[in-house]
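These are the structures in question, set out in turn.
The same chain A turns up in both complexes below, where it pairs with chain B and then with chain C.
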Partner chain A sequence: MREHIQACKVHSHPGVVFFHFELLSRLASSEPEVKLRALREVKNQIIGNRTKKLSFLKLGAVPAVAGILADSADGVIDKNNCNNNINNILVQSAAALGSFACGFDAGVQAVLDAGAFPNLLRLLANSNEKVVDAGARALRMIYQSKLAPKYDLLQQKNMDFLISVLNSENENVSGLGASIITHSCQTSLEQKALLDAGILEKLVSLLEGGSLSQRDASLESLATIFRNNSEVVSKFVGPEIGRSLSSVIDLAKDRHPRTRLLACMCLIVIRNTSPQLLQNIGIKTKLIHILLELLDDPGQVGDEAPFALSSLIAQKEDLQKLALEANAIDKLQYHLQRGLLHPRRHEGILLALADMCSKLESCRSKFLSLQALNLVADALTNDSADIRTAACTCLKSITRSIKNLSAGYFMNEMIVIPLVQLFLDPSTSVQVAALGALSNIVVDFTTRKSIFVQCGGIRQLVQLARSMEPAVRSNALWALKNFVFLADNRLKEGVFSELTASLLSSLICDPEPSVQEQALALVRNLVDGCMNSVEFVFADDGLILGAVGRQLQRASKPEIGIQGMYALCNVASGNEFHKEAVMHQLFPQMVDKNQSFMIKFLQSNESQLRTAAVWTIVNLTCPSSPGAYGRLVKLRNAGIISQIKKLENDPCVDVKLRAKTVQGHSEAFGVQPLLEHQTS
Partner chain B sequence: MPVRVAENSVPSQVSGTNSEHTSPPACTLLSVGQAFSGTQNVSSLQKEEAWRVNVRIQGCDLEHGYLCGTMEALNVPMADTPVVTFWEGEIVDTKNYTFNTGKWEATPDDDKRHWMKFQCFEPLLSQVEVDGGKSLNLSNYPYIFMRWKEQYFVNVGTDCGLTIAGFYYVCFSCSDGSINGYYYDPNSSPFQKLELKSTNEGRSGFSFSSYELQ
Partner chain C sequence: MNKLVMNFLVTEGYVEAAEKFRMESGTEHRMAVKKAVQCGNVEDAIEKVNDLNPEILDTNPQLFFHLQQQRLIELIRNGKVEEALEFAQEELAPRGEENQSFLEELERTVALLAFEDVTNCPVGELMDISQRLKTASEVNAAILTSQSHEKDPKLPSLLKMLIWAQNQLDEKASYPRINDLSSATLDDPTV
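Up next is the complex of A and B:
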């Protein structure tokens, strides 16, 4: 619902404040006529004028108006509605409070703080239709805000109230009921309670026979009740409620843009909740076309349209493909390059582009062919944190193009420098998103990683690896891991000297599992490549290698085991000393074989973990290395070789083949696996 | 190196249309970062010639049957430096790609003549002739068939006197990481053979690094 805006101008003259004071003093008049005129005047002054709302707010106008409402509401009861002035005062005070609340959270807060909410509710029971309508309008304004009070829909008295307002003939009252649902319904229990109370039928009747505002409110509520609740959706599309789904589909073609948008959003929620529904390619294409068309709307509808498009296409390749064919990327890019966008729209367009480019290379190619990358780079320095986050998210999708990463296309100053600057952003979500995009960009196969190094990127990443926020630590390590992937030893040394063995080993043992995983993956990449790289884990008396072994012993997730095991595998591909050091981690003090993480990993349900474990044994038992025989015997005695023998028929081809390799090594030395009862 | 089919691993035919578990197996030796080296025989009727070749896998997206990397050709006549190209690969996974190329000037007959060069292709031939191999279950087959197409020169200009107009029919062995391939370009010498082996950069074993895109 939009506030009905009357002609108004922003006043800046100093005398204005005095004028406002004078107006407020008239509100306190004991003369009903004077009070009424003052209320009208306040309402007319603030309608659609944020500056004036704020100015009156500061002068304490809201408690004053709320006080008049409270006194008059009591008066109504006392005098049994015989005074026409009182009704007019109620109407005007409710309207003024509604205006304060409309599209202005500070206003909503002030109205709530002044205790006006229960008195506005009382107006709904008034015998005068105009008073009821004014109360409902004001409450609907409040219910546009997130600050509005939530109704506990599991309480019967609240549900009874909701049914009574939805049954009202007055469209603002029934619309208020729908708004309360949209605002209050959050859990599947509440969705179920609304379903059981027959609310779905009420909303459908508003959808089919209601006014424009009732239809819109009903569409919004329906989407809220459907979200992630397939039971409610199946009831809606089932035979009992009839042709309601086709009513929503029809409304997606309504002549009012807002109705079209809300109908699309409702259909998208239905589809995302019950993926078997609305699979018809015609409907999918239609939704995409309608939403792209709605982007042209200059107002709030156009601002919200890209968000709806995002929720339609996110994670769905088929829809991304259809959207590409419908020229979605061209259209989004067209709007993006027009500049001076409303912040909400700017954010939405970037997020829609991010979803478009998240999976398909054809979409990324299209985006890059439009030379739109600089528009996203510009948004990295926008004043709004939401836009900066969205720009990073968009970059993250685009930089998934391995073809362009390989060409070093993204490793340039236009992108890397502002991204690195965002590492220091006050908003954690911006930091995390910037690290995400950068993690992709540093997977650069050319020699241009230097741009990142020169702008101090490594030092900053290491700094962020010490952050108090687990998501920041994890993403910083992720970026470092990608950075050292196939990097030459000089770059790895640069990273290592900033990071230090002690910090890296403490990150391996971080309380957060995702941080442990990334730290171990970083170690894995550090020790890959030329033989010298293996030495990194032996710095400071093998601090890092010891941490890897300890973490593997208590790995809480397979992902941690996989990365740690590959780190050991890579060390085990080194020289004799390296291999023996790995053996020492496998058997710290020759613990009970049942406690050996190696046995546990070989028995894991996760094929990648079994693969990594067997590769480590392949490396430890290479017949060409002098100590292989001794290690084979030790591994056999620990029951590891017989465990590997069981993997020769593993369902995973990779595991099966490597298990055969280990068996080949055993046979080359004539080392037979021990039977179960022979193992020590 | 000639490749031999293990007796117990002849691919079966799948019934129905569910191809979720019929794609070739994920293989660590064909993962990102892995390196290979060997030769490409470019002999013509006039003279015997072979270039040393290094390959590095840079990207792998099994869900889309996609693989990419670089190919470095050394001792190339006329070139002062090794010539590096970037290539993109189609994995024959019966979901995204079949044995039928259907582009790059390759006819079904060209496909057959080239795939047949790989001994491990023979058990698949009859089904491939029926439907391009769409109904084959390759999930337990220890060989992965691919087409590699060079996309651009990384370190030299297009005026280097070399062409990347053709593409490679490739067969990868999961067991030892060896790669065999045949270059196909109607305008170049036929059946130029690519032979590569998994390399370990002087290590006594296998090392695996990895990156993840967010």
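Up next is the complex of A and C:
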């Protein structure tokens, strides 16, 4: 049966297309009665029916209807035509245009392109209530799309219009005002302008005394005005507007699911904007319970609920813990395994699970105990790019579990093969997310990396390291870095021969700082371990080592310095030749000591950077190596030893201990640090 | 009080009584929609809903699907097999593509065509009058919600609450009691 219906669906019946065509020709009729009937018929055909919206759109119905609206609004239609007919035509054409724009971006674009927007606005001033309703509804549909024109809230005349709209007795018109705010208010300047214009009070009155749709629209607008603006939030919870916060809290228990959802979202925005508010545990638990219950709603509300839950718990351990206690993971998993999910809901549930499992091991254990991993693995091959991305994000959180990583739990065909396939995904965000998940999985403490190598993972990662997208390059290097972490030399050689010295050195000098950082971190892990590993940076006449040195000279961020310095530190743990090569990078010719990055790093505020720098000196001056004395003298002459002496009381224990080690080395050779005035 | 009575009349659909209050204009339309579905004139009902408020069916895919499904059921009831098949393919199959659970319901409905005696087949309950009533009440509820009315009238639950509260009080205190609900006068307690 399924095959049959789907097969028949692909093309419309020729008779149907002809019927649509004939209907459009009736729209052009000079007879007002015929025209009106045709308009109404178009409207009834497309309402609720996306396929027909598209099909009429392709036949050019939108400009035709927009033309009728324009003519009728101008009154160019036959003078004998009675008023009633004109009003009916206005109502039907506005309703048809509104339906084209409802939940259908191509329709919104067509309506805007046909120039219908200003004519719909004019309908708001009509004396007939039904015409006003139809116009306001159509405009609200348009404003629910991202494509709607942004309304400039900073212009006084626009603000005046907005206030008049919000003050309207007609609930469609005042609802339109709220939709305009929700769509157009983006900057803190605009939020402030709305606050100053007294819009907050207006919205609060709609919240408390308005109809269902006015309340919902008001909650949405309020959330928009509050977002990341603690000044507006403090005004809202302050004494002047008084008990409005408790009105929102009450609405979170409203009988209408959509109102509950919007009230929760508004409270979440308030909390995320002003973390000192809504801290009481009762409210937090209540929000979690309401959102989990809203997951059961079969419609749009249930689709959006997991996203709201996500924004509530993201980055907040306390809330994740409360949600775990409220059985959030069981509930999310239950919906996930039921299947037949709307794509939006599917994405939301995966993202909510990702946030749940992002910090707490207890959450990850719970998730894994429910056998939910295969559901996430299935979603890796979903048709929707958003779902694939969400599945990767979820995997990334779950694979943070060191316990399960150590057990090699994630390095299996079910997960690794689809993930590697996503490296070639047409969507960049999927690629980036897949690399993120894989980066965790390849930190494997067992020796099961073979699955990844066998399915061509290394070659693909190296390909992605050449991507045009900086985020893809950086994440591919991240994955490679984790892959070679504590790996044996054979695996490292495999990676290096694929990567080549020239590609790696050019990535070290990438224009993007995050790529530089990951490339240097990859070098650091490559040369970590046995003496043979150190040789990688000397391939092709030391191409990589030279690149590391150059990048350290101009390091734009401490993170780059840290990774580069650790790379040098690992090289300096090698033999005499290796140590001298590092010295050469520290003191390239033509650079006097004041410009030495070593001094700069030793004085850095970043304790990690100081640690890496001092460790490098420890390795260079280790008394058991024959050239240590010569290097110590050179370092002292450059003022580095006296700089390290100053670190003997460093607040960071690592730095303090290593600084003492260096001191011990110089005392063993009788090398005294130069005094301050002698070095200047 | 007037509002409360109006709320009761409107919600329960006492058209004539409500008209005497001359307040609510949506009621008549809503009753007409409900009636149309109950009589099997689904297309007519859809047009009426769209005249009332085009947003209702545009933003409520489940309701729209159920109305279309009811239309299909009526076609099958009237023995219009070919028309029913074409309607299922043109109108309903695309909705099934958008939503898996619709597809399953659609499959169940189309299965009616496979049986000689539809009323006694495994999916026969779709042909039942109760299916019409179910759809009709779903439309009714959606229109009420769009008009910001409650789905259930408030008056009966308020009266129940009053009686419950008085019963509770009776055990604990003497107080001015409402004995006659229709006049709602407070009777002094008998000492």
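To be clear about the criterion, the second predicted complex is superposed on the first by the 658 of 680 C-alpha atoms of A that agree within 3 Å, B and C clash if a C-alpha of one lies under 4 Å from a C-alpha of the other, contacts with A are read in each partner's own complex, and residues count from 1 in each chain.
The rule we apply is simple: contacts are C-beta pairs under 8 Å (C-beta built on N, C-alpha and C of every residue); 3 or more make two chains touch, one makes a residue touch a chain.
In this text the structure is predicted, and so the values were computed from the model without any measurement.
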Under the stated touch criterion, which partner chain does A:K35 make contact with: chain B (first), chain C (second), both, or neither? neither
Just to be sure I read the superposition right, which of the two partners does A:H665 touch: chain B = first, chain C = second, or both, or neither? neither
Of the two partners chain B and chain C, which one touches more residues belonging to chain A? B
Tell me the contact category for A:R473 with respect to chain B and chain C: first, second, both or neither. neither
Report for A:K331: first if it touches chain B alone, second if chain C alone, otherwise both or neither. neither
So, does A:T51 touch the first partner chain B, the second partner chain C, both, or neither? second
Counting only touches as set out at the top, which of chain B and chain C does A:S213 meet: first, second, both, neither? second
Does the superposition put A:A95 against chain B (first), chain C (second), both, or neither? second
Which chain A residues qualify as touching chain C in the complex? 1-2, 5-6, 8-9, 12-13, 16, 40, 43-44, 47-51, 95, 98-99, 102-103, 137, 141, 171, 211-213, 255-256, 298-300, 339-342
Considering the complex alone, what residue numbers of chain C touch chain A? 46-47, 50, 53-55, 57-62, 64, 86, 88-91, 93-94, 96-101, 103-104, 106-107, 110-111, 145-146, 148, 150
Applying the document's contact rule, which stretches of chain B touch chain A when the two form their complex? 25-28, 32-33, 56, 58-59, 61, 64, 66, 68, 70, 86, 88, 139-142, 151-152, 154, 174-175, 200-214
Please give the residue numbers of chain A that touch chain B in the complex, ascending. 361, 396, 399-400, 402-403, 405-407, 436-437, 439-440, 443, 445-446, 475, 478, 481-482, 485-486, 521, 524-525, 527-531, 566, 569-570, 572-575, 579, 611-612, 615, 618-620, 622, 624-625, 652-654, 657-658, 660
